[in-house]
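Common to both upcoming complexes is chain A, partnered first by chain B, then by chain C.
Showing the complex of A and B:
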């Protein structure tokens, strides 16, 4: 029993880091501009297929492909910001929810027309890590390490570089930031781009360990909502913690009951946290 | 009584009546009936959502949860207890209303995006829960035996009965929506939409008003759910709790004009007509979701008040006719 628990917990934590990375993209965008990006799921799916296509068509190593996917995600995010978000950024929440959802529909529409909804697989393996008391697929460990590295880079960017500090300033108080000479439109576009980039990177990493399809992003989007609310809306570090918690739940709950109960627990937890402590565990942005 | 004979109420009712009797004059009445059923159902659903979203300003993203809950409740008593469809439909509405009331007490304290997220969470929680409930058929759902239609005089007759019930219900939704909009209660809701704190200071008992708006907007989807799944002959979690459908209702509402009586009727009609045209066109068949997405984006970015809202701001004369 102890062995099973340990292995399940580690398994959960490994995937949890990737969930956390995806959720960080969502929470960064919310924290900076109060927009809930409902295109988050399809963007995760685009990341998956970016890696899949680079791997199968060009024979690129999936972990190298993730870097290219990240760059494309950043550009795509900036593009989406200028087309769909910048006009509604000060409108009531319904407007930005709907405008990002329309992006969701467009991506899913094109995706299903071109790729159908069938399942694809990135056929890549790094062997199995076997420590006797613990076994895990190598690619799963590598994906988690890349996710952790991305998180560290994000923090370095937000706290140690000028554009990162600009993003935090705009998140804190856009009007004051503008008065200090920060080009807020460009910074908002950059923040949205980074948010999308994180989503696509998370998608790309998921593609290396699990089968993918164009609609798969939807369930990761919902997971991201749960995580973001757990950790506190707008708090990237909270997202990482929330991701780990969700990963643990997904790893440990099936040991005790049927797997189909996992989403029930997740969503009930989600609604409860919203009701009881809407600022999340680590607190939302002030 | 005077409020009954205003164009604001009569125009939407006339539209629904005209659509409802269309199959009687059309050559292929069965296919016309199916098309009109979808159209009228969309109008009724969008109008119900309008009460909480349009009038009160609370974005209920997962509103389809009430459609699913009502549908399951009604379907279960039909198949397991042998109820007649009409009381079963009313029961569906009642169950949806009670659940809306209980949920409303809790989630209506949340505002803006938090409320929208909570409604998505509730929808997904409910879907995941139903998948785990064996007495509701789990992931497969429930199915109705074909012989069930016999008591109504055969499948044809039961389909027509459901059709006329749907039309009647749609008219009822419009009447309720109109009376809310022109009542003091409705003014309270719209005050909440504009500024909840100010509304409270002005004497609107906001928790009570919001809860009632939520309950009223949940009753009709609950009833419609029973009619819809009875007509379908089966119910499963994927159909009953599909987030995508409830977002379609929002699109219809936004297209016609949220917060107006005629808006959801017009928006529901145009959206479904457009969808049907796209689905049958060889070029757009695969891309209908893309077209719908682009349409939604254009509405949100450039005409956020919808067709009726836009017309009302342009013409003082039309403002008196369209509510």
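Showing the complex of A and C:
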């Protein structure tokens, strides 16, 4: 029993870091501009296919491909910001929900037309890591490490660099930030771009370990919502913590009951947190 | 506070979209409605010579709708049988009558309601002497009602569900191995390979087909003294089997059985391999017999899967003799060659073989009855106990399950490495085996 608990917990944490990374993308955008990005799922899926295509068509190592996907994600995010978000950013929240939902439908529509909804696999393996007491596919461990590294880099960026500090300033109080000479529109676009980048990187990492299809982002988007609420809205560190908790639930719950109970428990938790501690475990940004 | 509601709203929206997307994914791709179905008649109507009689064989094919591909293959197989018999001069009865077969078929659009209308039309307007089922268990169940109502003998093929034969029908006969026996062959093989194997784990898709198959296999395993250490269903959309694999490892079974469809089955096999799980024996539904399963590479090695038929299956007159069963019809080699000659060398799938086998069963019954008179043919059907290229054919004649296939066994294929290349080998039943099974796998 001890063995299976330990293995399941580690497995859960490994995938949890990646969930956390995806959720960070959602929570960063929300924290900075109060926009819930409903195109989050399809953007995760685009990250998956970015890595898949770079790997399959160009023979690129998937972990190198993730870097290219990150750059594309950043640009795509900035583009989406100027096309679909910037004009509705001060409108009532429903406008930005609908506008990002439209982006969601557009990506899904194009993706389905081009790639169908069939599943694809990134046929790449790093062998199996066997420590005797614990075994896991090498690519799963590598993906988790990359996710962790990305998180660290994000923190360094937000707390140690000037643009990062600008983003936090705009998140804190846009008007004051503007008064201090911070170009808020450009900073908002950058923040949106980084949010999308995190989603695509998470998607790219998922593609290295699990089968993908154009609709697969949807389930990670839902997980991101739960994580964001769990960790605290607009709080990136909370998202990481929430991701780890969700991963642990997914790893440990099946030890005691049927795996089909996992989503039930996840969403019950979601509702409970909203009712009892709506600011999340680490507290929301306000 | 309002922020909380926006979030809930957003979640509901996202959830709705996800569910809608999942639904859409599974929905049938509706092809445009076909032209008014035309009967596929024999090209040249020969002037009826003395004592020549035309036997009308009626069926529907899914020329449109979701069953289009397998149904078309099944029809090809049936038509192939018919052409061969007619070309060989038909079936000659002892009184000198020569029987020629004529197919009358319509497009059922993969739709149950259409099936019932069209089988009624076949029975009344077209005066079909015999019926062959459409493809799939669902459509066949709908057709069987009509066949029984008009008392026209029907041979079903492409339909594995057991339920149709437990309705007290008297004129419906099944060519396929029923779903309840999809995985029991794997348990027989396991017992044959390792008398000490005692623990089995069932991990299966939460769909009707897979649940039925696995519950029947579980009962069979328990009856044979196995200890079922894990019996767990998973969501059809599952991507990550990690948690389930951890459970399997904790239960340390001698064999893993289950699966569901292609995607989940191949993902399961892949992740078991990547995780380095110790698997001695694994048999999954549906996925392994598909040629694309080989794309898994090393993860496919050793995986066993049940199939209704495989071109490599070696059912021969010799193996029939060894088993003490009468041989009937062409050999698998002859069948495969004839099909390949007509289809640019493409390998026949089990759907084609199933269609051909249905015709063969009908032919055998008519020959035995020495007549096309219904009661005589039904009696001959009940008596069938033969070996064909498709395998052993014998029907349940009890009142509770009349017509259920009890002779035909699933063929078990196993992916093996032959000089670095993955090949599908038949490992069960022994009469048709092309290689010894690998056991334990790893």
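Definition applied: the second predicted complex is superposed on the first by the 286 of 286 C-alpha atoms of A that agree within 3 Å, B and C clash if a C-alpha of one lies under 4 Å from a C-alpha of the other, contacts with A are read in each partner's own complex, and residues count from 1 in each chain.
In this section, contacts are C-beta pairs under 8 Å (C-beta built on N, C-alpha and C of every residue); 3 or more make two chains touch, one makes a residue touch a chain.
This is a predicted model, so every value here is computed, not measured.
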| item | value |
| --- | --- |
| First, second, both or neither for A:159, with chain B first and chain C second | neither |
| Contacts of A:106 with chain B and chain C, given as first, second, both or neither | first |
| Which superposed partner A:211 touches (first chain B, second chain C, both, neither) | second |
| First, second, both or neither for A:268, with chain B first and chain C second | first |
| Touched partner set for A:82, first chain B, second chain C, both or neither | neither |
| Which of chain B and chain C A:255 touches, first, second, both or neither | second |
| First (chain B), second (chain C), both or neither touched by A:225 | both |
| Contacts of A:36 with chain B and chain C, given as first, second, both or neither | both |
| Touched partner set for A:139, first chain B, second chain C, both or neither | second |
| Common interface residues of chain A - those touching chain B in one complex and chain C in the other | 34, 36, 93-94, 97, 101, 104, 108, 222, 225, 229, 233, 258, 260, 270, 274, 278 |
| Residues of chain A that touch chain B when the two form their complex | 30, 34, 36, 83-84, 87-88, 91-95, 97-99, 101-106, 108-110, 112-113, 222, 225-226, 229, 233, 258, 260-261, 263-264, 266-268, 270-271, 274-275, 278 |
| Interface residues, chain B side, partner chain A - complex | 53, 57, 59, 61, 106-107, 109-110, 112-114, 116-118, 120-122, 124-125, 128-129, 131-132, 139, 247, 250-251, 254, 286-294, 296-297, 300-301, 304 |
| Residues of chain C defined as touching chain A within the complex | 3-4, 6-11, 13-15, 17-18, 21-22, 24-25, 206, 232-235, 237, 239-240, 242-244, 246-247, 249-250, 263, 267, 270-271, 274-277, 295, 297 |
| Complex contact set, residues of chain A against chain C | 1, 3-4, 7-8, 11-12, 15, 34, 36, 38, 41, 93-94, 97, 101, 104, 108, 117, 119, 121, 123, 125, 128, 130, 135-137, 139-140, 210-211, 215-216, 218-219, 221-222, 225, 229, 233, 250-251, 253-255, 258-260, 262, 270, 274, 278 |
